[in-house]
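In the two assemblies presented below, chain A is common to both, partnered first by chain B and then by chain C.
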Partner chain A sequence: MFGYLIRIALLSLRRNPVLSTLLIAAIALGVAVSTAFVTVYYVYSGNPIPSKSESLFYVQMDSWDPNRPYSRRRPELPPEQITYRDMQGIMASDIPTYHSGMFVAGLTIHPPDAGQRPFRERARMCFADFFPMFEVPFAYGGGWGRESDRGPEPVVVIDAATNDRVFGGGDSVGKTLRIEDRVFTVAGVLAPWRPSPRYYDPHNGPNQKPEAIYIPFEFVREFEVYPGGNHLIWDDSDGNTFEEHLTSEGVWIQMWVQLDTPEQRQAYADFLDAYVMEQKKLGRFGRPLNNRLLDVMQWLRHREVVPEEATGMLVISLLFLLVCAVNLIGILLGKFLARAPEVGVRRALGASRTSVFLQHIVECQLIGVIGGLFGLGLSALVLRLINRLLDNSGQFGLDLPMVAAGIGLSLVAGLVAGLYPAWRVCRVAPAIHLKLQ
Partner chain B sequence: MIEMDAIRKIYRTQHVETHALTDFTITIDDGEFVSVMGPSGSGKTTLLNIAGLLDTFEHGRYLLDGEDVSRLSDRQMSAIRNQKIGFIFQSFNLIPDLNVFDNVDVPLRYRGMKGNERRAAINKALEVVGLSARTKHYPAQLSGGQQQRVAVARALVGTPSLILADEPTGNLDSAMANDVMDLLETINNMETTIVMVTHEPELAARAQRRLHLLDGRLIDLEADDRPTPLVARTDGSPSARV
Partner chain C sequence: MELGPIFRALMHNPTRFWLITVEVALTLAIVVNCVAIILDRRELLTRPSGLDEPNLVVVTTQPFVDDFTEEGFIDTVREEDLRRLRAVPGVRAAAAIDYLPLAGGGSITSLAAAEDDSESDGHPAPYFVVGLGALDALGVELVAGRDHIEADLRPGYGEPENLIVTQAFADRIYPDGDALGKSLVDTDNDVVFGYIIGIIREMHNAWPRSSIAGLAMLRPGPAQDPREIRYMVRTEPGALDAVFNQLEPTVLAVNADRIITVRPIEEYKRRYFDDEIVLVKVLTVLAVLLVAVTSLGIIGLTSFSVTQRTREIGTRRALGATRSAVLRYFVIEIWVITGIGLALGALLTYALNYALAHLAGAPSIDWPLIAAGIALLWGIGLVSALAPAFRATLVPPVVTTRSV
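And then the complex of A and B:
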């Protein structure tokens, strides 16, 4: 019967192609806009690492000014990054499964081909655990081992674009390139990797692509690299030398740990408390004990990664779809009631009110689905435009859940538009129209 | 087949009340061919609509095939229309987007029959009306007589026990009208009860029994020159004077 209803609906659409095109276009427009902004919201609010989001924790410690909270608006919050000294202190722990301090910096790459000019790239300085902890995918090779952190050894992980640019693509593991003044050996080449949002460092743009190169953290000393992201300090301890910068109270490092069990979490929390209490004895950490371990989703909520604009646009786009659907009610009502004589015949031949209702709802849903398919195509164009405007090269795209959401929205729009007209036409008294046809 | 007892049907508008049927009582037996005549507004079509479960009534009782249909749900009435009743209308009422085959298919679609069963029934019905060669034609490609033949095929494809025909020859010339009447007689010979509304006495005369309506009541024109209100008989005799 369903196939028959689809066939009748298609015949009905063919009967008046101009009107049908208008109906489909209205749904397509509504679905295009709403799906695009649902996708934006979905990307911002989604779980970027569902398999581990509850076992990865962002570490916060309140080493801020004893006389003034880090945030005046929310004085209970500790700073969002930690100092180099504290990172070194807590990296000594062997409780976490994985842990890594990290920051972003700009470094100069000198390609081996003399014909290529050196160029600056965003680099993440991190520890070996960064790669297994965040399940970073590799096309070739892998991350470096923990022993390379200690040297540090000159090993580098590069992304696919850098691999293409420097080596012309392919398996470049073992090849060398100069970064600043040192020659580094390629340990791994990343496979495409685009966590959305970029949860491990939302301070420096949750929509940014991951960095182009990754080198062991401790090259920070050799290169005397200053952070390329946020660097906040509450006293004048930063001094003039790089060593003073490292030992200052400035916060500029993000610290992540992987704690797989409740016992591990408790042990690490105790460890952090003990560390801070020890530091208090040394005259640091003048504020009340305030360590925090936020898992990925807590951290993203805390950072308010979903911009208010995204939420606002989501609501507006859904209202736009609703307006499109509501506008169709009148058109569909006219279209359906004009068909009352045919409905009368079908009722006389045995169609129940439910059958007539279903027949017209199926027609509305067909309009919705066809409009939805066109709308998804338009939505892909809208997302390309948004990507271009935000300069983040393809962060927003239609994946399977978003295609399903688009179809779902088109079905809902079809239902909203068709419910009342279908109900009205199924209530038509057949006897009145049989004589008139 | 049909037993109506004191049926009353009133159409109401804001200012006017029209008594379409007044205490209407009639019995029509299985396999009868009954014609219904009367002037416009006498209640003929209302009678067919109520008999075909397309309209409701205020008062009285209606037994169709022994079943009281007064208080059935819409779904139950639809099922009865689908399985027991075939309709033939003056203006054919074919669906213009569907070809002959698909038009005849419509009642079977609401019966949930399998494809091969439907095809066999449709081909048989079209054979009866002589349109087997025109299954792919659309209504607009057929003459009036052919369209009415399609409508007849659609009415009988589900092998109903009752066919209600509302002026089935009203839009046809006399030759075509006779063809359609021949068809109805053929169908009646297959034990199908037929109730036919018509304005044409010579066609009405081909029925086994003629009913005359005036102002929503049965009258006997054969006994007297003046119309006299009747109640219909229940014993199969022509009519009983009040």
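And then the complex of A and C:
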């Protein structure tokens, strides 16, 4: 029965190819635009690490000015990042499965090929746990061991682009690379990795791609690396020397921990409380105890990483699809009613209203699906264009859920467009049209 | 007029009436909201920054040897860099600067008027640390007081500095217009931070998107950061392209142990405004597509209606109606339908604007914009209906006698 309806619908579409093309184009246009912006919204608001977003926590502690809250607008909030002293203090804990303080900096890379001039790259200074904690994929090798954090040992993880640029690609594990004025050994080369949003550091661009190189955090001392990202301070403890900078009350470090069980979470929260109470005895942390552990999605919501533009475009593009569908109502009505005499004959020969209705709805859905498939192709192009315009290294793309969403949208559009015309045509009275024949 | 019969005929078969009404109303709402957002963002992109944007190019040098941490070394290199940069033909001025206006990254502190003890948090004071000749190198206009001189550079640690501020900044802290010569107090420790020695007409700070874009302060420097030394180079009008490629070799010739980046300020601005630029493009394309789709819809519906009513038209013609009367009938009809649709659309526009303002921070809509949208869509409705309406006038009266 269903196959028969589809065959009839295809025949009907073939009877008037110009009109059918127009119908399909209208749906395709609407689906292309709406799917593209549904995807943009989905990528911006999505869960970048579904497998463990509920066991990764961002650590906040209120080390801010005793006389003034960190945020005037929302005084109940602690600072968004932590100090170097406090990171050292809480990295001593062995409660978390994984934990790492981190920050972004600009470092100079000296390519081994003498013909290439040195260049600056965005580097993440972090601990060994960074890689297993965020499930960072490797093409070759891997992260470094925890023992390399102490010392620290000169080991580096580089991304694919840097590997191509410096070593001409391939398995570069074990090769050496001069960074600032030390020679580092390559421990691993990243496979393509594009978490979106870049949840581990939304402060410094939630839609940026990950950094090009990764080295042990403690090189911060040897290289005297100042933070290349957000850095805020409330007193004047950030003096002239690097040591003063490190021990200052300035907040510039992002701290992540992985806590897998409720017991672990409780133990770590208690540990943080105890740490702060201890610091209070030393005259620091003049504000009320206010530690926070937000999981990935809570943290992203708090940071409001979805740009307002993406929400606006989502609404506008869905309305655009609606206009396309309303447009189709008129065309389909004309098409179906022109067929009224034929329908009259079918009705007179015993076809029920339901079967006439069904036949026409199936035709609309067929138009919807064909239009939707073209629309999906178009929307992939639209997304490529947006990627190019935003220069975001391919952040947006159609994945399986978005293809399903696109098909879903086209079916809904087909239904919106077809319901009324199909209803009208099934109400055709058989007698009138027989008389006219 | 035939308004009565037109209206009764419409109500006799209201489907087309409703379809066009709904479509026109939705289109008006979407297009007007798109245009409001486009205008809002374009205003942001095109408002004057006070800087000589088309002729500014930035040279950033990032040393990678330890020489630069030795006392005096930076000064020597910087002086030589500036001397040679200024000597490049086509370069009008060059000066050292720590961060860049319009680029989205910089420093900010908070300051208050000397006698002001009402507002404990002070006013936001985004600043740049600049060397001599910065006003000319930025292309900003001094309207009161004086430029920095040699004696202003590098006061002792914690000593008050001689500051040049924008008019907007001066007016914000000293609303009576008597800022020149007054002091500014650091709200963190109630110490005098500096004195206002000069006022410039306008200059955007590092965050041109923000509500405080016009607040900027030039501190005497230059900054002593051994990791990054930056120059603002201003070329003669139109000479930027010719000068551009000479800048890197010029500073490399002074000292090659650094990474050099040369980039026009407009490129920094473009990167900062990436989202706005893309949004404006996307919305423009969508608005145009939408109007086209709606226009096609009206053409289709009117053609369908003409076909359906061929016999009626023929009857009218046979009874003596002229061709222009037939044309008039269809034109007035579409005029009435779109008119009603647009009236509904105006309400819908406000509703959508309300939603978008809440969801997406869209700007609120003024009535002239809606009026313009109504005029545009009314015109497009008429034009779209003309071709099918003209086809209606070609129906011969003889149709009535056939086919029954």
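Note that the second predicted complex is superposed on the first by the 434 of 437 C-alpha atoms of A that agree within 3 Å, B and C clash if a C-alpha of one lies under 4 Å from a C-alpha of the other, contacts with A are read in each partner's own complex, and residues count from 1 in each chain.
Just so it is clear, a contact is a pair of C-beta atoms (placed from the backbone, for glycine too) under 8 Å apart; a residue touches a chain by one contact, two chains touch by 3 or more.
The structure displayed is predicted, hence computed values, not measured ones.
In the superposition on chain A, A:Met297 contacts neither chain B nor chain C.
In the superposition on chain A, contact of A:Arg346 is made with chain B only, not with chain C. Of the two partner chains placed by the overlay, only chain B lies in contact with A:Pro430; chain C stays clear of it. Of the two partner chains placed by the overlay, neither chain B nor chain C lies in contact with A:Ile82.
When the two complexes are overlaid on their common chain A, residue A:Pro307 makes contact with chain C while staying clear of chain B. Once chain A of one complex is fitted onto chain A of the other, the partner contacts of A:Leu29 are limited to chain C, with no touch recorded for chain B. More residues of chain A lie in touch with C than with the remaining chain of the pair chain B and chain C.
In the superposition on chain A, A:Leu56 makes contact with neither chain B nor chain C. By the document's definition of touching, of the two partners only chain C reaches A:Asp235; chain B does not. The contact surfaces that chain B and chain C form on chain A in the two complexes do not overlap at any residue. Residues 22, 26, 29, 33, 68, 72, 106, 108, 110, 117-120, 180-181, 226, 234-236, 240, 307-309, 311-313, 315-317, 319-320, 322-324, 326-327, 329-331, 333-334, 386, 389-391, 420, 424 of chain A are the ones touching chain C in the complex. On the side of chain B, the complex with chain A involves touching residues 45, 49, 52, 54-55, 74-75, 78-79, 81-83, 87, 89-91, 93, 95, 97-98, 106-107, 109-112, 154, 158, 166.
Those residues of chain A lying in contact with chain B across their complex are 1, 4, 11-12, 14-15, 341-342, 344-355, 429-431, 434-435, 437. By the touch criterion given at the top, residues 15-16, 19-20, 22-23, 26-27, 29-30, 33-34, 37, 62, 64, 66, 121, 157, 188-189, 227, 259, 274-275, 277-279, 281-283, 286, 289-290, 293-294, 296-297, 300-301, 304, 307, 352, 355-356, 359-362 of chain C touch chain A in their complex.
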